[in-house]
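Two complexes follow with subunit A in common, the first pairing it with subunit B and the second with subunit C.
Presenting the complex of A and B:
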């Protein structure tokens, strides 16, 4: 498959998945409403702690938005496979004469991009209701930081989705991973405040470095080059792990006849 | 066209390549019984199915194991043993080559994205199937015309009737202009008009030189559409050939259809015990039961049958020539009986 054809395929699947998420009330609530509730709670908590500075509010808004991105990634990648299994389209996608890893990548990017739209909503919410200023210490690096975060979260979403291809009850895994990752990735509480043994786990997670990259470009005094680099590095690792796992999982699915099980 | 044997010889070079070639396909599902004390259970869904289909032919397997057979042929399932090739490509090793050349259409409500339009569904699958972007819209328009959905393509699929969904399925399966089309019970749940339109579409495809492998529960559909028919029962092909070939098995019989109201099982058993009666099948209708009695005696047996039923309230009675459906019932009944006898013998 040519590079142009591959890019076109991933783009089409991404766009189609965004449209499918847009018509789902569950994902609209998960992506656009939940982060607003988290952000509001965080704003009031910080106010109670007398931390009402503009940067603190932006820190909380970005963290809340990223919580929504993670939830959408988790449910949008894994849940989409479960839903396709239910709709009977999973067999058709697997059976398409194209690379299924590209289809899965497009679905993951669709979910992540949709999730990032929630961050914009959270920032607008903070500005309108709490007078949060929108500042960026490295405005030119902000698009790159966002792109790096999308790529790394998309690749992680693809890896998670792989398990859903094989196991119809893998949503138990996604439910279990939602809240712990919010904490471990330092989305609302700095990682430094967590126990030392947790920190190596944080370093393996895309949301940690995605959040670092975005906060670095908006709030920090040093450019977030390291976090951006880690996002891309992790994306490569996740992608190759997902490809290896997918090959194995598709073989098992054909052997065990699990693709159409509901 | 002659009947083909379950195990076909490799075709001569001049015969041209086979569209589908299955040799001793076996598929065993490993599952389990029980919740707390789970015991492994192996279900043999397909037990050595072999058949060949040449380009431009239709074949109609019916009965247990047909979906599993199709799923092995379209590369969605790995055979437990045996082998199969589609357009010369191995279904286990050459999955991408097989997938490029096949279309898969199944019946029922599933397999479409309900919340977007029919056109969006087709555009999406066109990308997945690698349809040339320059040709895509023209191809979709032609397929919408073929399946009679022109003008409805911008409606959401969730508002489609079952017949419209089925036609959209067919359009989806033909997007990449496949050489071989697998249709797994495409007419299931369709109303008579929808089923008739579907049959017309299938005929058009065959006339266009496509190879269609179609499974169906409806014998008249197989008779009308298929050049060759294979009957599968309990994972094995029990008979194959043209519709006329299959009918040969019951050609010398008369079928007496007796409409009854509240017939007692003992009365049906008395009919079965009649030495002149070969088989009795019962079909439940709303208020009545239709007894289909097969005999070699001709229509004159009718009075005797009615006498055997005693006080049973009788409605319409018709004596007629056997159809393909009667042949199918005969084949399934006889193979099920012989399987049962084999199992009983094996158990001692």
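Presenting the complex of A and C:
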């Protein structure tokens, strides 16, 4: 498969998935409503602590938006293969001449890009209701930071999709894994305030570096090159792990004839 | 050629649908059956991650966020969230226990029976109240062990009463959400929205008095607001004479939601019969 055809396939699946998520009430809530509620909650909490500076509000808005991105990635990718199985499309997709891992990548990117729309909502919300200023210390680096975050979270989404399918109730895992990643990735609480043993865990998570890259370009005094680099490095690792997991899962499904088992 | 089959001998039914004994059976047995059959999460593979794992991490998250952002004790946030997590059972459970009748195609069969509707409806409350209490008690125990939540021993019973009433009133709004869900394509949208609203409006993380006035109006109409405040005050040593009013208001809110839920359920039943939409999904 040529590079152009691969990119085209991933792009079309991404776009198709974004449109599918747009008509899901659950994902609209997860991406657009839930981050606004968490952003409001964070604004009030910081106000209680007398931290009402523009930097603090932007910190909270970006963090709350990224919480929505993580939720959308988790739920959108966690059940991706299971949904294809229920809808009866998994057999067709796996046996199509196109590469299935590219289809899965498109699905993951669709969920992540859809989730990133929530960040725009929280920023607009903060500006309108709380008078939050919109500033960026490295505006030219911001698009690259966002791209790096999308790529790393997309690759993590692929890994989630291929590993969660081994657990019959993927949604239950997703229900459990929202809060711990919000916490460990330092989306609203700095990682430095958490116990020391938590910090190495946070280094392995794409949301940690994605958030660092975006905050680095908007709030920090140093350009976030290291965080951007970590995003891409982690994306490569996640992708290879996801491919190994996918090969194993598909091998099991073919061997046990469970590809279309609902 | 035709075959004549002998009529199937069915056991005679002696129960009078209008009797108190039958109503009790519908209330008790029906409630338990609805929990086991309609509550999708009532199996360990889902129950443990969702109703034990999720609340554990919720407590840790808000304890860390609250103490970092607001500079308050983690115990304040731990106790608020420990009470709020009962809504996982009260809201999602009750929504499933009512709305899943339609999705599992059992609604027409149930509504075709002459069973007492009050018993049928209220019987669903008990298992979810018990479940909500269990989840909350687990979360409170976690908060006591790891996050510094403390209760004054003399008023422990008052705190328990406030918790029980709060879980009831949360389950009642869950019943209303369940009844509304009979008409919706995705009933869990409203359930999720309620869960999030409690976090923001009900004093779980932010003291109600510090919210803007229009938000306080919503707070006073939602479950948890008064009950949780009663739990907090009782935990700090306030007796029934001081928190009795809060508990009574919470109970009143719960009863109001339960009555509204039953009225809506009855209305939807009549409407579905009239429009032949009982089994429309």
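Everything that follows uses one rule, which is that the second predicted complex is superposed on the first by the 257 of 262 C-alpha atoms of A that agree within 3 Å, B and C clash if a C-alpha of one lies under 4 Å from a C-alpha of the other, contacts with A are read in each partner's own complex, and residues count from 1 in each chain.
As a working rule, contacts are C-beta pairs under 8 Å (C-beta built on N, C-alpha and C of every residue); 3 or more make two chains touch, one makes a residue touch a chain.
Only a predicted model underlies this, so the values are computations on that prediction, with no experimental measurement involved.
Asks: Now for A:159: first (subunit B), second (subunit C), both, or neither, which partner does it touch?
Replies: neither
Asks: Under the stated touch criterion, which partner chain does A:194 make contact with: subunit B (first), subunit C (second), both, or neither?
Replies: second
Asks: For A:80, is the partner it touches subunit B (first), subunit C (second), both, or none of the two (neither)?
Replies: After superposition on chain A, A:80 lies in contact with neither partner.
Asks: Just checking: does A:213 make contact with subunit B only, subunit C only, both, or neither of them? Give me first, second, both or neither.
Replies: neither
Asks: So, does A:168 touch the first partner subunit B, the second partner subunit C, both, or neither?
Replies: Once the two structures are laid over each other on A, A:168 reaches subunit C alone.
Asks: Under the stated touch criterion, which partner chain does A:49 make contact with: subunit B (first), subunit C (second), both, or neither?
Replies: Only subunit C; A:49 stays clear of subunit B.
Asks: For A:26, is the partner it touches subunit B (first), subunit C (second), both, or none of the two (neither)?
Replies: Touch partner of A:26: subunit C, not subunit B.
Asks: Please determine whether it is subunit B or subunit C that touches the greater number of subunit A residues.
Replies: More residues of subunit A are touched by C.
Asks: State which residues of subunit A lie in both footprints, the one left by subunit B and the one left by subunit C.
Replies: 24
Asks: List the residues on subunit B that touch subunit A in their complex, please.
Replies: 29-30, 71, 74-78, 96, 99-100, 104, 106, 108, 110-116, 120, 124-125, 127-130, 133, 172, 176
Asks: Help me check something: in the complex, which residues belonging to subunit A touch subunit C?
Replies: 24-26, 29, 33-34, 37, 40-42, 44-49, 51, 60, 167-169, 171-173, 175-176, 178-180, 182-183, 188-190, 193-194
Asks: Going by the contact rule set out above, which residues of subunit C touch subunit A in the complex?
Replies: 41, 45-46, 49-50, 53-54, 57-58, 60-61, 64-66, 68-72, 185-186, 188-189, 192-193, 196-197, 199-200, 205-207, 210-211
Asks: State the interface residues of subunit A toward subunit B in the complex, per the touch definition above.
Replies: 5, 8-9, 12-13, 16, 19-20, 23-24, 87-89, 91-98, 103, 251, 254-257, 259
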